[in-house]
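Notes for the one structure printed next.
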């Protein structure tokens, strides 16, 4: 069943609205001064350590947003890289940001230039430090691997969407002795990062990174809203399992939760129930 | 005829108009104070996002379209154009940097020279080949073109691409040898799971299970009596264990992570749409 | 400086030695004439049965987005699928969503179809490269002629004999997605409701597909070269999957042996240090 409009399944549209509401309400609460808790993410604590190590060794830092096309993941990756660049600017450590997408390259140039400006070191910005290597997966991988080997990078940050080339980056980083922190929403690449990197940030921890580092109320509030949405989803799963166990899988509530065409039967059943 | 004249004129007028608008807007944006610029950008972002959200939520007719569906598809087409333009920008940056390296004889300028030569040669023959395929400007596929394109594409590019992918096999070996050690409970679970799946999914797993005498086939009786010894032994076969790990362990975990990722992406998209995303200070 | 014990040296074998051992193992395995019957997993069986159930003249879309990088995994799948479709005398069209994939799949299809007497334009066609999968699938779901216009040889779609009686994807029975990337979710989201999907991913991407198999959104799946081997066994042919399987399985065995060796060395090193 294709799902191109809300009318195809109103329940899914309502869920989207609920998630949006949860996020916005918690952003509002956070802005009003509510203290919000976020658990420790070891990989993110290690970012400053990795930068410090690079500075001591006098070797560059690489930042790789992977094969991410320009979108939400790319914006998040560039936000993290901007933070890293600001830290790097304090110590004048050389850096390389290597992209495989031309749009991300264009935006990254501006983001990195801004980062150096905000850190008060616009003189350190080198336009050649942000490079577009190739849009082809393995041409990009070979370019990155070659650069990491030639320049003997000391820290390697990989945030974004990755495919098969992820292990080439991670293992090359290992060969040159770099500290590696990877964060990805690409489920299939997580095992490679776990095997080859020092720290791996998985799934929605990737989206939590900006909230974790900045502790900004808007971002923390958004995290809490996301967690509320996840709790609701989990409750629906448990509730749906119990209902389907005791009342059968044809029950309208189960159809609503589990079937794309489940909205109509549920509405009819609800009307009957309310009509009684 | 390469292009229709009327369409060409209309296209050129659109492009000229867009340029004129951009040239007029840029100084105007420069005169605005930072807060004004932010307000304008936030407004444009909101309207653009609203367009896509409205197209999703508005009711549709029998043809599965609403009033915004056709403009939505045109908008996606224009996004492709922007992507194509940005590819030109990326290529320009790449060529500029390596040209400067080669001219100024910077360290490792030899690699830059190789890249530039490869870039020009490949682009030349690729463009020639495409134009010859489409019969543009009277070009035909000559033996020289065919041989050169085959040499560059089939014998060089394809083989290099395949070689890079093959590196992964070696890297997995060294990564697995280094990482899969019994250092902690989690590392041990990772190691044993990986080994079971690796051997279970290939025919060797079946051979090993057969050679130690585990039942090879699940009979109807075994299916109806799951706790009978033969059924338990059947489910201890390496292929069955590997299959169970992939379908029963892996799939739910993946769903859970995908839920989180989806919600996270939606939350981030909302923050971007409403210009609440300020980055990290 | 203390000399390193044998156990320490074993735990930190130079990776070049490991690579050399693996290379020798792969070459030897490729040359070995060892044939081990596989257990056919249910997704592969369902894949085979779905195509086997097709009737002559049925229409199938093959979405081929792979290129040189994943040749070793996707080419065996692509070849086996095309051979099965041609054996069933089914009409098929191919479309690619990556630029290099167009040339690779077109050339391969031309070579394979000659053996089965299939004529391009009459029994099969290649729609070329479509830059945006969402626009392409949505467009093809409404009207293929409008969405695609011409095939890879620049022949108008409406003039192709293979497209007689076919207006849109709704007239297709099946789509087979041979891909190393994330095209599956787009096919699932935007296809016509009754269009069945079969999936041919690389081994790495297969992990993401089990949820779709579970929910019935894809009917069957063959995973990488290993899956192609299992599929070839069902078809009774010897293809690239059969040629590659020994390299795959003996490499897996080698990796496991070395993992165990590394752990044994770590254990012995700890014992030696403790004593």
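A, B and C are the chain letters, set down in written order, and residue numbers restart from 1 in every chain.
The criterion applied here is as follows: contacts are C-beta pairs under 8 Å (C-beta built on N, C-alpha and C of every residue); 3 or more make two chains touch, one makes a residue touch a chain.
Computed from a predicted model, the values in this text were never measured in an experiment.
Summarising the inter-chain layout, the chain whose CA centre lies farthest from the centre of chain A is C. Each chain gets a centre from its C-alpha atoms; the one nearest the centre of all protein C-alpha atoms is B. Counting C-beta pairs in contact, the pair that comes out ahead of the other among A-C and B-C is B-C. Centre to centre, using the average C-alpha position, chain B and chain C are separated by 17 Å.
Work out the mean CA point of chain A and of chain C, and you get 28 Å between them. Residue positions of chain B with contacts to 2 or more other chains are 160-161, 164-165, 172, 174, 176, 178, 180, 254, 258.
Contacts with at least two other chains are made by residues 15, 68-70, 100, 138, 207-208 of chain C. The set of chain A residues that touch two or more partner chains comprises 4, 136, 138, 164, 187.
Across the interface of their complex, chain C is touched by residues 73, 76-77, 80, 134-135, 153, 157-162, 164-166, 169-170, 172-174, 176-178, 180-182, 191, 195, 198-199, 201-207, 237, 239, 243, 246-247, 250-251, 254-255, 258 of chain B. Of all residues in chain C, those touching chain B in their complex are 13, 15, 18-19, 22-23, 26, 36-39, 41, 67-72, 100, 103-104, 131-132, 134-135, 138, 154, 207-208, 210-211, 213-214, 223, 226, 229, 245, 248-256, 258-259, 262-263, 266-267. Interface residues of chain A, counted against chain B in their complex, comprise 4-7, 13, 16, 19-20, 23-24, 27, 72-73, 75-76, 79-80, 82-83, 99, 101-103, 105-106, 118, 128, 131-133, 135-136, 138-139, 141-142, 146, 150, 164-165, 167-168, 170-171, 174, 185, 187, 191-192, 194-196, 202-204, 206-208, 210, 213-214, 216, 218-219, 222-223, 225-226, 229-230, 233. Residues 55-60, 64, 66, 82-83, 86-91, 93-94, 97, 108, 111, 160-161, 164-165, 167-168, 171-172, 174-176, 178-180, 190, 194, 254, 257-261, 263-272, 276-281 of chain B are the ones that touch chain A when the two sit in their complex.
On the chain C side of its complex with chain A, the touching residues are 15, 68-70, 100, 138, 141, 180-181, 189-193, 202, 204-205, 207-208.
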